[in-house]
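Common to both upcoming complexes is chain A, partnered first by chain B, then by chain C.
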Partner chain A sequence: MEILNLEGAEDTPKIMLDKANGIFELSGRSLPEDSAEFYQPILDWIEAYESDPNPSTEFTFKLEYFNTASSKLILDVLSALEDIDGMSIVWYFHEDDEDMEEAGEEFSELVELPFEFKTY
Partner chain B sequence: MKYIYDLHQSLSGHHLILAYEGEFTQEITKSILAMVERNMDSTGEDSSIKRKVFNVMVESLQNIVKHADNNQEASHSAVFMVGKQKEKYTIISGNPMNNETIPIVQDKIDAVNKLDKDGLKAYYKEIIKNTKISEKGGAGLGFVDMARKSGQKLEVDFQDLGTGQSFFALKASIERL
Partner chain C sequence: MSEEILKALTQLFAIITKQDGGVTEKERQFVIGFFQQELDQDSIKEYLELYDKFVGYKKKIEGESEEKSTEEGEEKPVQKRKLTSVRDSVKTLGLCKKINKTLTQKQKLVVLVKILELVGSDKNFTPQRMEIIDTISSVFNIVKDEYKLVEGFVLQEDVSNLQFSDILLVNNEPVNDEPVNDEEENPNKEEETDDAGFPIKKEKAKHFHVEIHGDLIFMKVNSVDMYFVKYLGHDEIILNGFIMLTNRVYLFSNGSTIKTPIGHALYYSDLITQFISDLKISQISFNAQNIEFKFPNGGIGLRDVNISEGPGKLIGIMGASGAGKTTLLNVLAGIEEPSKGEILINGYNTTTQKDKIQGVIGYISQDDLLIEELTVYENLYYNAKLCFANMGEEELDKRVMDVLTSLGLDQRKHLKVGSILDKTISGGQRKRLNIALELIREPAVLFVDEPTSGLSSRDSENVIDLLKELSLKGKLIFVVIHQPSSDIYKMFDKMYIMDTGGYPIFYGNPIQAVTYFKEVTNQVDAKRGQCESCANVNPEQVFNIIEAKVVDEYGQLTNKRKINPTQWNDFYLEKFQFEKVEDVNEDPPQALNIPSKIKQTFIFTVRDTIAKLSNKQYLMINLLEAPLLALILAFIIRYKSSPTGMEYIFRFNDNIPAFMLMSIVVSLFMGLTVSAEEIIRDRKILKRESFLNLSWNSYLLSKLTILFTMSAIQTMTFVLIGNLILEIHGMTISFWLVLFTVSCLANVIGLNISSAFNSAVTVYVIIPLLLIPQMILSGLLFNFDKLNDVISTKGKVPFVADMMASRWAYEAMAVYQFKENDFEQPYYRYEENEMKSDFKSSYLIKALKKKLDFINNNISVESDSLQTIVKKDLDIVKYRLNLESNKKGIEDIDLDIALSLDGFNSQVHLLLVTYLETLKDQYLNAYNLSVLKREKLMNYYEKSDDIDYNVNEYKDKYFNESLSDLVRNIAVKERLLEYKGQLIQQIDPIFNTPDNPGHLLDYRTHFFAPKKHFLGMYFDTYYFNIIVIWIMTILFYITLYFELLRKVIDSFGKVKIPKAKG
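Right, the complex of A and B next:
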């Protein structure tokens, strides 16, 4: 399966989706001009992955900031991940970033997925 | 040339560290964010305050950019300002708005302003579950998020422009603890 690797920018997150090496990560800042357009390739990749996933998948979110339009798309990503067996989420937040911790908790309440919270 | 001095006096009288009028685009948004971030970094601002200010600025600026998309004129007649005082930051936006839109916006602001912290959290979750990204690219969460990050009531004002439009001003404050 093809690797989805997008370099981060000041307004878009870094994406690494690599089935063979078991790396699934979104990190950085997310405030793209068009969130729906930016997240579509990620949603497409997940849909393709769903048909033949690894036995277990740890999907990592290590976001520093995301805007409200991105938050809706992040929920869409999580909802897509919900359908995959052996899926778990690792939600990173900076140790003094209560808002990012709370955002992760809110997402964990909106989807049926195991969340592990870690600080960086 | 006296207006230059007057403008300078007015800006400092209102404790504004940034005032911008002109075209609003994603590129301009990024530049404004970078300038204010640099200002906060240089004064050693607390990281949690910095994040909240950044957050509210993004929602405010992207609101203007989205409105500008369907109204060429609006993108040039909007303003964005950031005030910094000992006890708080204020993030201010102003843009013309069709009078028919005022009740819709006022309702949204009222809905947000009557909620406390827990109420806002519940409201946010309610919206995010049911919302679809609009054609303009918004999630309908901007005011709720601004109110949550601000921790204060959002202040709004509408000045009738007499052309079927009003000037919509929105102010959010973030306390410096």
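Right, the complex of A and C next:
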């Protein structure tokens, strides 16, 4: 399976989806112009991954900020991950960033996935 | 709205308003306003506190810097944008998800509109706020384009920026392009179409002209089929009785009305049609010319009625009670034939060319035409199925659901309609469903009789609104209306007003009706048709003027009218010019495609079956009736009279013959009662369905299918239980066949009376009249030989009895039971021989001898009376001797000469007496031989190892003494009877094969004959009788098909009551 690797920028997060090496990560800031368009490749990749996933997957979110439109798409990503067996989420937040911690908690209530919270 | 959802909404409001500068006082007021709409006074405080908590309202007053929404401030990008906190973003998602789970799409749309309004209340549209709303709409699954439309509609205040095809602008700007709206001549709108010079750049939004200041903006949201309206301007615009606040969005629901200060009324349907652009107006012309109608008693119901209309009109028919409104409607609809004049639809006469306009006319009567046992959906579904043969199930379902939805009945679709007394749906819903039955096939011309009677004003308006909507789709609709409200009155395009005696007195615009009548009577404010301040019209006023009474010198009202109907009619003829609409030359649009007759039968049957199955009471009674009766009857008559012991023995039960009669009576009775109400109940439905030209035959066949099935079940349960208790063995199927046949006949007779009489009570009173003769002439209660001389014929079943099914059925059962029971069956033919020989040797020959002696003694006596007797006796002897095959000893004599007054002498006498002696011996021998054979066979059976046979056991089990006595008639005193020049055998009818058919078609025999002759052949009595009953059934079906009984009764009615109606 191809690796999806997008370098982060001021408005877009860094993305690394690598099945072979077991790296699944979304990090940085997410406030793209058109968030639906930006997230589409990620959703496509997950859909492809779902047909032949690793026995267990640890998906890492290490976000500094995301806007409302992105939040909807992150939820879509999480919903897509819900269908994959052996999926777990690792949610990183800065130790001072209460908001990001609470956002992670809210997400964990919206989807049925095991969440692990870590600070950095 | 549930508490949970309201909390979610409160939080949503809070999250949005706390972005970018936080909530302003205006926004907070808006939220308070929203709470006031949704909540009671106490809860408002509670929710407002909640809102303030979420939004941080108190804090905001102290200082904005504290606000949570700006906490992310440090991470501001270069543009110094304030960012929404990630927590609020996710929280918003959570709230929306929660809302998604409970609210319908329509409700979600309303929520979205509220949120947009909230933001719009202080025009604080920051990107953050809009982004959140945008996200909400996408979580709500509202498509992008529609969100743009809604957003524009709610927020935009400059109408020129609203360029959506789903937006309708209503203002006083002149109509710029094609006069779309001018087609409709709604009197309430004074359209200025002449001044069309001003070019306005409105490329996409629709436009409608009305004299108001400012703009009314309508929006249609296609996905959920909802309409919203808002008003920008300062006039006092009233929506459904409430003043519209400027720039506030309102839901424009079905049947809403908007009133402008100058008295224009904008109706829901008027505006909705603006959105429905792709309408095909069907070409219809309706011309009724010089119609006169006479009642059967000669009274005139309508005088010189002229009505001429094109498509797309809603015409009201009004008049005092008894003026002939319904008569007019019936004549126009072609139910009653006018005595003069003709009614043409597209040039086709409605009474003589019915086939050409099949399905064009729809008629909604005042009656309730629903099938009570079916659900709302089923009522409509089966009706639709009968109208659209070529539609698939899915399409049909969609159509039904569309109609139900448009009438607001979709939520009630699984409710059973129920009777008027046992209501499950409301009166208004009933009425609407009745209308739906006709609406679904969209007839081009629709006649509606008092659709609003008995409805609440809200329901009335809904109903008329619906009709108005239809007329706007190009249908021509006539409505008889009684005491309409102002709003309803104004919805009509034209009014036809009639006065007592069938005089037309007004035909034209409804508002003008008021001014016209005021003018004619020289009233002061004649020009004013409606109230200036409230735009209300008072239709009552019209009737007050028409029926104004003369006042006498004491100031008391007299019974004399100021202006009588003829005078009004004179005014009418003077003032109104009748304009005929050009006849359209094409065929009227037909929305009807009737299924084949077989399919109709099938649909009718399914519909009726479902209705019957859902009526538990009916089902229980009908299914339990038979076994219960059998149980009671059989239990009571299970009589133990065994000479040997205490156990019950079938052979010695004296009640078996009576049981057979009772089972026939029960079958007849059940058959009659189950069918007697069938057609009466459906009569109203049939009247409506007559417009569909559905097959009467199919309808009847469906009835028969159901009734015959019911009869089959009833008679089967009866026979099973009855035979089980009475231990009648081996007769189940054969008894059942007879009873079933009888029951079927009763079904058809029941349908006959059901179609002939008007009330169920009459029908049930008639039942004994049909049943009692059946009992009297069944042959068991009263001996056929001992009836009144007028009807009785000795040796043959009387004619009147031949008309009774009970007699055929009884004979079939009795003969079959005697001949074919397991005991008798092998010996019957020997016994038959035995009995025949015995009868001849011991009775007949003796009688003949006696006659010969008598002839010999008296032939030479010259007395006229004696000569007659001698002549008769000679004939009897000749007839009998001719029947004998063995003529040994008399072969040389010509019986014709020898047995005549001239040819008879003592020599002949001697010869014949000797002959009779040999004949007697021959029969004695035959008798003995038969007895021997029978006993041999009996012995063989008893000794045979193959079967376990014991004569007495078999006889006990299968043979009934009482029945045997009956069919052998052993109680008779005179075993041989002389009657009308014939010797008639009285004993052993069951062994006496009738041997003297008079002609080919002669079927008549004595009662309990083992065989019947017809067309020169012999038939087994059992089958012959069953066939006879079936032939009766077919005959009754034919009378039913042509409704002969009804026609006969109607013709009596016409003769008897010539001066009934006035």
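Going forward, the second predicted complex is superposed on the first by the 120 of 120 C-alpha atoms of A that agree within 3 Å, B and C clash if a C-alpha of one lies under 4 Å from a C-alpha of the other, contacts with A are read in each partner's own complex, and residues count from 1 in each chain.
Rule of thumb we're sticking to: a contact is a pair of C-beta atoms (placed from the backbone, for glycine too) under 8 Å apart; a residue touches a chain by one contact, two chains touch by 3 or more.
In this text, all values refer to a predicted model and were calculated from it rather than measured experimentally.
After overlaying the two complexes on the shared chain, residue contacts for A:Glu58 are found with neither chain B nor chain C. Residue contacts after overlaying the shared chain place A:Leu75 against chain B and chain C alike. In the superposition on chain A, contact of A:Asp18 is made with neither chain B nor chain C. Of the two partner chains, chain B is the only one that A:Asp34 touches; chain C does not reach it.
Once the two complexes are overlaid on the shared chain, A:Leu110 sits against chain B and chain C alike. In the superposed pair of complexes, A:Glu50 makes contact with neither chain B nor chain C. Judged by the touch definition given at the top, the superposed model places A:Asn67 against both chain B and chain C.
In the superposition on chain A, the residues of chain A contacting both chain B and chain C are 10-11, 31, 65, 67-69, 71-72, 75, 99, 102, 106, 109-110. By the touch rule above, chain C contacts chain A in their complex via residues 71-72, 75, 77, 83-94, 97, 128, 131-132, 134-135, 138-139.
Against chain A, the residues of chain B that register as touching in their complex are 26, 30, 34, 47-48, 51-52, 54-55, 58-59, 62, 65, 121, 124-125, 128-129, 131, 133, 137-139, 141-142, 144-145, 149. By the touch criterion stated above, chain A contacts chain C in their complex at residues 10-11, 31, 63-72, 75, 99-100, 102-103, 106-107, 109-110.
Contact residues of chain A toward chain B in the complex are 10-11, 31-36, 65, 67-69, 71-73, 75, 94, 96-99, 102, 106, 109-110.
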